[in-house]
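See below for the structure under consideration.
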Amino acid sequence: MKKTDLSSFAELDFDRDRRCGFAEFIYGASKTAEQIAMIMAELASHGKPVLATRVSPDNARKILKKLPHAEYDELAGTLAIPGKKKKKSPGKVAVICAGTSDLPVAREAANTLTVCGIENILIPDCGVAGLHRLISKLERLRQADIIIAVAGMEGALPSVTAGLVECPVIAVPTSVGYGASLHGITALLAMLNSCASGVTVVNIDNGFGAACAAVRMLKIRR
Amino acid sequence: MKKTDLSSFAELDFDRDRRCGFAEFIYGASKTAEQIAMIMAELASHGKPVLATRVSPDNARKILKKLPHAEYDELAGTLAIPGKKKKKSPGKVAVICAGTSDLPVAREAANTLTVCGIENILIPDCGVAGLHRLISKLERLRQADIIIAVAGMEGALPSVTAGLVECPVIAVPTSVGYGASLHGITALLAMLNSCASGVTVVNIDNGFGAACAAVRMLKIRR
Amino acid sequence: MKKTDLSSFAELDFDRDRRCGFAEFIYGASKTAEQIAMIMAELASHGKPVLATRVSPDNARKILKKLPHAEYDELAGTLAIPGKKKKKSPGKVAVICAGTSDLPVAREAANTLTVCGIENILIPDCGVAGLHRLISKLERLRQADIIIAVAGMEGALPSVTAGLVECPVIAVPTSVGYGASLHGITALLAMLNSCASGVTVVNIDNGFGAACAAVRMLKIRR
Amino acid sequence: MKKTDLSSFAELDFDRDRRCGFAEFIYGASKTAEQIAMIMAELASHGKPVLATRVSPDNARKILKKLPHAEYDELAGTLAIPGKKKKKSPGKVAVICAGTSDLPVAREAANTLTVCGIENILIPDCGVAGLHRLISKLERLRQADIIIAVAGMEGALPSVTAGLVECPVIAVPTSVGYGASLHGITALLAMLNSCASGVTVVNIDNGFGAACAAVRMLKIRR
Amino acid sequence: MKKTDLSSFAELDFDRDRRCGFAEFIYGASKTAEQIAMIMAELASHGKPVLATRVSPDNARKILKKLPHAEYDELAGTLAIPGKKKKKSPGKVAVICAGTSDLPVAREAANTLTVCGIENILIPDCGVAGLHRLISKLERLRQADIIIAVAGMEGALPSVTAGLVECPVIAVPTSVGYGASLHGITALLAMLNSCASGVTVVNIDNGFGAACAAVRMLKIRR
Amino acid sequence: MKKTDLSSFAELDFDRDRRCGFAEFIYGASKTAEQIAMIMAELASHGKPVLATRVSPDNARKILKKLPHAEYDELAGTLAIPGKKKKKSPGKVAVICAGTSDLPVAREAANTLTVCGIENILIPDCGVAGLHRLISKLERLRQADIIIAVAGMEGALPSVTAGLVECPVIAVPTSVGYGASLHGITALLAMLNSCASGVTVVNIDNGFGAACAAVRMLKIRR
Amino acid sequence: MKKTDLSSFAELDFDRDRRCGFAEFIYGASKTAEQIAMIMAELASHGKPVLATRVSPDNARKILKKLPHAEYDELAGTLAIPGKKKKKSPGKVAVICAGTSDLPVAREAANTLTVCGIENILIPDCGVAGLHRLISKLERLRQADIIIAVAGMEGALPSVTAGLVECPVIAVPTSVGYGASLHGITALLAMLNSCASGVTVVNIDNGFGAACAAVRMLKIRR
Amino acid sequence: MKKTDLSSFAELDFDRDRRCGFAEFIYGASKTAEQIAMIMAELASHGKPVLATRVSPDNARKILKKLPHAEYDELAGTLAIPGKKKKKSPGKVAVICAGTSDLPVAREAANTLTVCGIENILIPDCGVAGLHRLISKLERLRQADIIIAVAGMEGALPSVTAGLVECPVIAVPTSVGYGASLHGITALLAMLNSCASGVTVVNIDNGFGAACAAVRMLKIRR
């Protein structure tokens, strides 16, 4: 595995950590197992925390043969090599989701936070059709510095949540649903129109991006 | 005002009452004051309850000169001549709405119900960003046979409501909002994807249609 | 099959029956055979009627090994365990559909009603391009308390039907069609714009939701 | 009014009559009263039938001062100078429309046919929510060589009609409606997905185009 | 193969021929080989011309074992049993298409015409990027009573053609293309906006529907 | 101006400050001058900071007669009554925008921050077509705790900015542009697809919402 | 008119000429007459060619009082101050358009070219529904180095043209049309799907941008 | 392989070279290996440069058996037979792309240029989230006569690039991305709204078309 091979398809940005506050991560969807493994090895050899998202089970199997210490979460599709030394977490993030079908996206967010050294808690099954489930968790939600709210279908969870807390709420629409859910467009639009002020939104199914946004926000505390 | 005039632009359906359970109403948006007045007079002379929707203030003023006993609700844009003898209401409908901007649509629904002889109550300001406002009204909501839930923006009100009650919830999206609300399309899509089972939906801003649906539903009790 | 396993991916809502008028059902599209079987067993053990929708033949085969008394309707994709004691049906629902391609959705509606203990009749092949087929069934339609009208393509069936009856008409658009049918969006939009007053609409292919709406409506008679 | 003026903004196609079977008509929406008047005068001086569509009342008033023998239909927005000698009509076209709001488009079609020397009849108020209105006119419809069916909202009229007759049915969606009618897109999509075979469709509000299509079709009989 | 089986999933409309001018055809996309074969046999036994569209090669193979005299066109996906006695064709239709990728749709149209006993000619490769190819065929086009113009991508063929002939031009958009062709929506929209008057349009890839429209038009000559 | 009047159209939420971290603000777009003035007076009498957004010049003039100490920014459409005592700002926000046409939205954000007691700086004319303009301001940008990046047209500013800084970047698409800008949808979609990780997005033209999100984020530092 | 005033709303980019090959132009749509006049004066004082686009007649009148030597083209909405000394044109551009309604956009392109010192010719009325009009101009078109093809409705002109010439064809969709023209989206999509290879496209109604693209292309000859 | 076979599905346009400046190329997506091989052989026998795009690995393998001297680029999907004698390149084109996922489209462009005898250079990994990567390549970019800028997601690369150079920039949106990238529609829309003047755009993933546009532009130098 020579470095010259790597340079033929990627130009790693080791400086991003200093510039943007987090290392370069690997979007695995359009890469071969060989490419992902090569980049992960390279990043790990520089002591960076390593995370690849959207890794298929097939690719994961091949990569784990070369990088047996990596950790694969099949539901989330993430493959991680945790960083060497862990600093104290700069804050605490709660990742909540509406239904079991939203779990993969919620766990992509949670796993990204973990690799970045951010303390996090994942609270599933908070759908607004059973308000008591959300309200019974309110105490725990109010202890978080940031809430990442993941939901498909009508995407109402972030609005309801943001009306109950004062911390930042990052809304993640998911492609869960059918018909008029339009592969997540409906949830996305709904979240952008939240009647609760100050909700911000990321792309559909982008648990990773929501976690990165949380990392940026926790820089404020520095 | 001769009947032959009327027949040149409309063919009234006096039988609809028997066939569909409610009289023919007048969609005022694309008619002149003269046309609306003529149809209202004709329907009233048959002892029918009379309702015109989407009547502009200008048109209302002209019509009221000819039909001074009609009642105009400027906010809702409805012009009504209540029927002669009132039967006992077959049931009770609660019309709730998310914000003050949704009031015109909610009142179009309420006024239509009133003309049809249905007891109704209008409860504004139930937006999900302040859940306590909705929950404090829960007792009253549970006394209704049917709830018409009117909301714009992210349109989450029907989902949250339907999770709390067992009666029919008719969702009415409104065009309230801007940008990604897409003139009500977002609320419409969200309501169609409600995670609370059994919510049904009507067209954007169609308070009238929601009331008609309630009239149909109350026939079940007959 | 331990209960602790179940709690790791789902939080069943045994109270929903009392709160919303019907039990929690299982959306099978994004669940494994094991998950579906586990939830069905748990719900059945509480004496609840059990219904899973969108169950693939493969999953059904696996589940039926564990729950041999369940009934699978391959066309509809539903897997049901009827409730123990049947109360008298609170009313009668007619499910009509336009063409044979709409049958799966119509049967999802009918099967849901059956599990809920609602008497129902399914009348296929009522497409508006052959009006005589619909009109010849008018007598039967007028005996129903509620009509669920299922149609793809141009989705005209609910409008035509609602002009002929006074009971509630619940319109279910289907994804049947190609090209400009836009996977059911066209039928959905058409139904929302029905020129017959009081038609309400559910999501594309959502036979289950239409049945739930009928269940809610029949509470009015209680 | 010099011919050189005319040539600065338009290049009339006097040969189109021979090539395409009908004269060049004037789309008045984006032209000044002066331009429309000049083209009309020029065409009339060549003995051509003359028709301008989408002429505003203001423009019509100015043009009528210069061309007092022209006939203006304010509802349709058409301004016509009938051709000198009338040949026998090559056939008969029925223009039907769903509601009074669709009348302007239906009359644009009828007026275009008249200018082209085609016998035609306009039958309003055939909306499918009151089937008896359509069915009572069936005899007259079956005497037509071609039916132009004009409808907004859910656009179901052409489907229902085409299931009852064997002649060509040209569907014209209108922008009548609100909310999810999407300015006529819904009616357009519905008509393209007609379950009745052999319906063809023109652009939204394009009564003129439907009439031109009928003119082309009647060439078949030549 | 008992008739009772057939009635469980279809209600054949033997009267359509008289009512609408052509027999009931079979949309094969959502039917099993068994269902298609059963309906074809039934229709053939009544002496009707028989056509099934969108039949997959797999289904065709199975059906041909039962109905060996049927003719399968794999490119078009049509399976036909020509009618017994052929009347003289009431006219002549030219089917033209823009590129080789549009051929399947063009042949679906041509095969439908053939089954209906209409003389037709298929002229491929008339794309407007090489105008000489279209213009060199103009003589043949002018001999047709009707032209069916099939095109994907920017869908300009019907406009250019209709500017050159006086007969009806039926435009069929195809789903040929990628990216911004939006699976045929672009061609469809373009055709609806044709600057050549009197073009009518059918659904995307609907060669069958265009042929049916031609059958309707040729009734004019009767 | 009696309090009973106010309660007829609004139910003020004086507790929101404690619950969500900022006071209730007034969305002026769908309210009369009288309504806005009444709510502003009521909120001010409770010592709350007061802000109304989307106030037209006409309405502003009327309100300023009643509340002469309010401050109107015509470009932004905001009307503010600053709170009594100012606490030290919890952080510093930079509001940048691409072109002069984006200024109204940028100032709505800045004015909202000011009313909330947040130190802020507005830096216009940072469009990516002249990168030197953005890069020359990099030092100032890196001193901010949060950047609100406002842009219409292709909406590239947040991506480019987020690649240069480590703090949170809140993207605000504007409706500036024409044609394929689709009233801001293009900028919105582009921002949601930012190749720079961790950008979050609010609704089109929602400068107010972006400011509220910043207020939430600065709670992290508490 | 002090320079400090100007700097409060704009930061002129005098270096763009050297960097991008053409001076900064003024997009007049969202600016006041005062702002436009101030920027025009400033640019003119630096000896730059000056062009403002989308200037309303009202604004033009006010500006012309201050800058009487500017030239206003009301149809195109452009206001220009030609540069002092004219270099020889680096090439020749033909601007063609489909109908008279497309003229404003075509002239915006032509006027922009003129200000940039590019020789150009405007050829109107080349719509593809009358091919002879385009073909009769072919000789002139083949003498151009670049063709800018402007069309609304179905937008077929660039495809047909590009099949006849070997020079670059820049396609400009216009918002001319109604209904399914979707304000120019249809023409835009059609042009992007041109079956003639090598056509490039700019935004709807963006005659200015097409001219700028031509300026860039003529740099190739330098 | 007889010529008569070929004529049954294609009518090659050997004159296109002279008329449009480049030979007919083969769009391989909807053709069989046999068809592609036959056309390639025929074109090669006329001494034309030969290029087939969108050739699947399976098809390529079959074709290479018949045409072993062809060169296949699996990533780009192109299969080429370079022309016999190479003239001096008329200019130099730089193809840049944002990320590794955009490489297939970029290489389709580069390979097309190579077959056309145009000198070109491919520069990957210029994404705007790491501006230093683009800026470090500025010197090389400024030596190009034309830049083809390929990008998915938010599609900002062409805008940023065009602000830095004076040569033509051809923007190619790619379908890289997920969720709100809408299969490339977002990048396409963003590029059409570029704030940098004079950017032109081709269809999504259309590297081939961008290269053809460059070929046309380089004719200007002739």
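In order of appearance the chains are A, B, C, D, E, F, G and H, and numbering begins at 1 in each one.
Just so it is clear, contacts are C-beta pairs under 8 Å (C-beta built on N, C-alpha and C of every residue); 3 or more make two chains touch, one makes a residue touch a chain.
For clarity, every value in this text was computed on a predicted model and none was experimentally measured.
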Problem - Where chain A and chain E overlap in contact partners, by chain label - result: C, H
Fill in the blank from the handout: Maximum distance between Cα centroids and chain E occurs for chain F
Practice task
Just grab the chain with the largest centre-to-centre distance to chain G, centres being mean Cα coordinates.
Solution key: C
Problem - Approximate Å spacing (C-alpha centroids) for the pair chain A, chain B - result: 44
Practice task
With chain centres taken as the means of their Cα atoms, state the distance from chain A to chain H in Å.
Solution key: 35
Problem - Length of the line joining the C-alpha centres of chain C and chain G, rounded to whole Å - result: 57
Exercise for the section: Hunt down the residues of chain H that sit against at least two other chains at once, touch-wise. Expected result: 130, 162-164, 179-181, 185, 188, 192-193, 196-197, 203
Exercise for the section: Determine which chains touch and list them pairwise. Expected result: A-B, A-C, A-F, A-H, B-C, B-D, B-F, C-D, C-E, D-E, D-G, E-G, E-H, F-G, F-H, G-H
Problem - For the chain G and chain F complex, residues of the former touching the latter - result: 9-11, 13, 16, 27, 29-31, 173, 175, 183-185, 188, 203-206
Problem - Partner chain D, residues of chain C touching it in the complex - result: 98-99, 127-131, 135, 153-156, 159-160, 162-164, 177, 179-182, 185-187, 189-197
Exercise for the section: Write out the stretch or stretches of chain A touching chain C in their complex. Expected result: 100-101, 103, 124-125, 130, 133, 176, 178-181
Problem - Partner chain H, residues of chain G touching it in the complex - result: 19-22, 25, 91, 145-146, 162-170, 188, 192-193, 196-203, 208-210, 212-221
